[in-house]
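Two complexes are shown next, each including chain A; its partner changes from chain B in the first to chain C in the second.
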Partner chain A sequence: MAGKGGATPSTYSPSPTTQKTKSLSFGNDEVLRPDDREWHQCRPAFFQIGVVAAAAGSAYADFGSTKVIVSVFGPRESKKAMMYSDIGRLNCNVSYTNFATPVRGQAYDLGSDHKEFSSMLHKALEGATILETFPKTTVDVFALVLESGGSDLPVVISCASLALADAGIMMYDLVTSVSVSCLGKNLVLDPTLEEESYQDGSLILTCMPSRDEVTQLTITGEWSTPKINEGMKICTDACSKFSQIMKSCLKGLDSALEEEDSNVD
Partner chain B sequence: MVGLSIGEKHFIQGGIAQDLRSDGRKRLTTRPIYVETGVISQANGSARVRMGATDVIASVKAELGRPNALQPDKGKVVVNVDCSPTAAPMFEGRGGEELSAELSVALQCCLLGGKSGSGAGIDLSSLVVVEGKICWDLYIDGLVVSSDGNLLDALGAAIKAALSNTGIPKVNVAAGASGDEQPEVDVSDEEFLQFDTSRVPVIVTLTKVGRHYIVDATSEEESQMSSAVSISINRQGHICGLTKRGGAGLDPSIILDMISVAKTVSEQLINTLDSHIAAAEAGEEES
Partner chain C sequence: MALPDASGDVLSEMDVDAFRRLFPLRFFETHLVKSTRPDGRSLAEARETSSALGAVASADGSALVKIGSTRMLAAIKMEVMTPSKESPDEGCIAIDFHMPPICSPTVRPGRPAEAAPVVSKQLSDTILRQVKCLSCCSFCGMINLKELSLISGKAAWMAYLDIYCLDADGALFDAALLSAVAAFSHLQIPVVSMNDDGKVVVLSGDHGGKEPVNKGKRKLTLSSIPLSLTCLLHKNYILADPTAEEESVMETLVTVVLDSSGQLVSLYKPGGPVLAYTSAIQDCVALTRQRARELQTILDEVTSGMEVD
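Entry: the complex of A and B
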């Protein structure tokens, strides 16, 4: 094992490999998750709207240690170079702060994840936004991940739909998104960064709960059909719960902001 | 994009509703598929796949590199898709970038599975030569030569064919290197290791037009779609990846229905593809 010395980084970095010993506990059904949640329990969610004064609409969301801020600007006139379009455009951009990840700037080192996220965010939102209501114009959706603590994309999507609603952009319904990770035999709802780092597969479901419509679904890893069934069921249940919290946030009901018990079982 | 008159649009939509598409196919019939392997001599493996007027080339190049410090026991695979402006004028300049990125991400997700590597079509640990020091980097490049719909499925098939055509040179590691030194290697020009492609999935895209969905859509049919779901399925019938395109929402039960239909279609596709690949390989050896 002496040869391994060259591969380990010379400075300390809290990389997932250093925590790998914990992964052994996931095979056991009785063991709870690192943050003492049940398998099908979300992290406590918090939403707030109108956090950026300059934006037409904005929202902040935190799910455990995942913290995201989304601002919506516009609708404003589309750039001259763009072709005429009788429906509006959504321009989505997801970026990470340098301090979002355990190692500084890591989000950008590990491939172009954020670019992929931008297009996923766009696909998730375009089906829910009534683009016909702002022809020839563009709405900018800028998402910034302040802290990446796992399930970043689902949090960004939910937060962005809240920001769109805050900006008064017409939508069919709020868009909520949740992911489940497949860890061995278990399905884990709303995984943390640590759980995501040794997941066998993931399923991200984005839906409009009141219409019972899935706007985006992404599956990676190997899944059997019953497992997909189960995963989708867990996600849609969690999504409808989140939409309740988001709606009460829009209405300004503080009492319902904090969700502690989102156990699906 | 495809310019269609209102009449043509109705014709396509009406045909799909009646289970008779404009080229005479049924909703769940694919176009005949043609496979050619070894089309690029510079690459370690390559294939060209044609489905109707859709024409794609995939090439696999293997280079020796260093494994990632976080995953010392795994090789690296990079998937990149290029949409050539020769296929369509809209791919010129940055026009094809978005589509290229979308296709690359979808293929990467299908081939590499989850973060722990389970369900991966390509076994990354088989690419390691010396743990933590030397591994093979596989560069998989897809090129869209001509586009008439269903690019993702065609690229998936081409990559599967290219991988089965791939020979990885045998590497002899010189003994005696110790500690942090990079060991010396000798890459053989004669001995090649065949790549195991039995786990590489195929991709089936179901395009929803109106209330029905179709496989292997042409670009005219794709212009009428409300949404499309691409599902990659391996030989065991397990789902290895799923992505959705198109804005319109879908009912969860429809997605599950699509998955089961995709499974049946994929069985046929895997068999056809395997026999075509075998025939192409045999034809190449003869010539």
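Entry: the complex of A and C
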């Protein structure tokens, strides 16, 4: 074995790696989800604004074990290399802490920056932000996933729109996002990391609930048309409920824990 | 508009803000003359400090520390490694300090903050240097690396300590060190056993017939805990626990680290326009001694709260 001084020794995590063998019986209707939720029930959601004093606006979101902080800086001077622009720019970045995932540093191969989520976050917010209100300048939206417990991107998106609102950036509406996983014949709302690892397909809907407009829709995996319809319905329902929680958080009404369940008839 | 040299009573709220931005140094000096600071503290007073353990569920030990609005999140993950031939019965600690772009307007993604590697190095020096000096006496460090050994020559713990700055408002090193110490005091080492492939695995619930290799070694013994205070020197004034604004206006910092017995562990004065006299340094050490007692009480409170659970 390599016992050279100086070099960091290779290490491994002693925790058992996710065993595909102990497959959950998701096909069965009577079986509840690992955290005892209904199929169409979200995890308890908690939002808080103004958590980072150094930022113009910030928000913290906590969905079960998924924990995210988003800071917004600006509007401030764009980088010199940027072309002149009549409208403002949004600059988004999503990164993970080293301890976010069950096994350390496993989040993503290319450092801690998540390029795909950064670009998805940008596209989800771009349509909702009134870029004309801050011409020639940049608004930076930086997200840090403290703990990854599933449905990371939707939580980041909702949290980011709350942080933008906290920073006083003009938007057409709050942007809320929620995901649904297809597990066998069931649709699972707001899946956890474990459920995501068994999914056949995933649907992420990002919308502005008051305006009934969708800013982003991502469907991956195996879906039938009726399933997509059902999934969209569950998601829009959940999104409008989240927007209520987020609005009351902005008004400072109750930052207490709120139970969210959206049962579809 | 006349400059508010004489007195500030005619100034409206807006003018004070403008004055603060345009003449930050004079703004601070008008306060210092009256032995006070813009946030209402006296010069030697540190900001309100609090700590919470177990903030990160996925880690083996974690702590969230707040000093004023500076916030640090520290988490330890334990992994297994093959110890080196030179020290077959010792584990290892890897310390990393991160400043993600969320913590400050000056940090941009892709361009790591300049302060981060400096604080990282200081932390490693403070926490690990003590351990290395144990060759001289029996043992005098914070953590005995021998406690991280599992099977001599075959397996030992590698403790990865990651500290994230969530909000940067000055005195980053103090907050980072406090969070590191708190995370180590919260650390619960998982019970493990050797499986048939010679790998070390966590034992779940029932032991499944396997014999645990580290029975009863769940917590590290922390002897001589290092605690620190950063002071800012400006003219003849010494400001304890500066905010980010104070650090940016007056640039001479002195960081003193003392251990539980009050002995000096390290002292950093990385340059700066003020050249300090010995008396100023002694004053900083005295302030740190006082602060270390405060911090020790805070640490004792959170750890005793943990044992009740």
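Operating definition for what follows: the second predicted complex is superposed on the first by the 229 of 265 C-alpha atoms of A that agree within 3 Å, B and C clash if a C-alpha of one lies under 4 Å from a C-alpha of the other, contacts with A are read in each partner's own complex, and residues count from 1 in each chain.
Operating definition for what follows: a residue touches a chain if its C-beta (ideal position, glycine included) is under 8 Å from a C-beta of that chain, and two chains touch if they have at least 3 such contacts.
These numbers come from a predicted model, not from an experiment.
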Should A:Leu187 be classified as contacting the first partner (chain B), the second (chain C), both, or neither? neither
With both complexes overlaid on chain A, does A:Ala160 touch chain B (first), chain C (second), both or neither? neither
Answer with first, second, both or neither: which of chain B and chain C does A:Ser202 touch in the superposed model? first
Could you say whether A:Glu147 touches chain B, chain C, both of them, or neither, answering first, second, both or neither? second
Given the touch rule stated above, what does A:Ser224 touch, chain B (first), chain C (second), both, or neither? first
Touched partner set for A:Val214, first chain B, second chain C, both or neither: first
After superposition on chain A, the chain A residues reached by both chain B and chain C are 3, 5, 8-9, 15-16
Under the stated contact criterion, what part of chain A meets chain C in this complex? 1, 3, 5, 8-16, 51-55, 58, 65, 69-71, 73, 76, 93, 95, 97-102, 104, 112-113, 140, 142-144, 146-147
Within their complex, chain B touches chain A through residues 67, 69-70, 72, 98, 101-102, 105, 109, 113-116, 118-119, 131-133, 178-180, 227, 229, 234, 238-252, 255-256, 259-260, 263
Partner chain A, residues of chain C touching it in the complex: 56-59, 62, 69, 71, 73, 75, 77-86, 92, 94, 96, 98, 100-105, 108-110, 158, 160, 162, 164, 166-169, 190, 192, 199-202, 204, 244
Residue positions on chain A within touch of chain B in the complex are 2-9, 15-17, 115-116, 119, 123, 126-128, 182, 196-202, 207-208, 211-225, 228-229, 232, 236
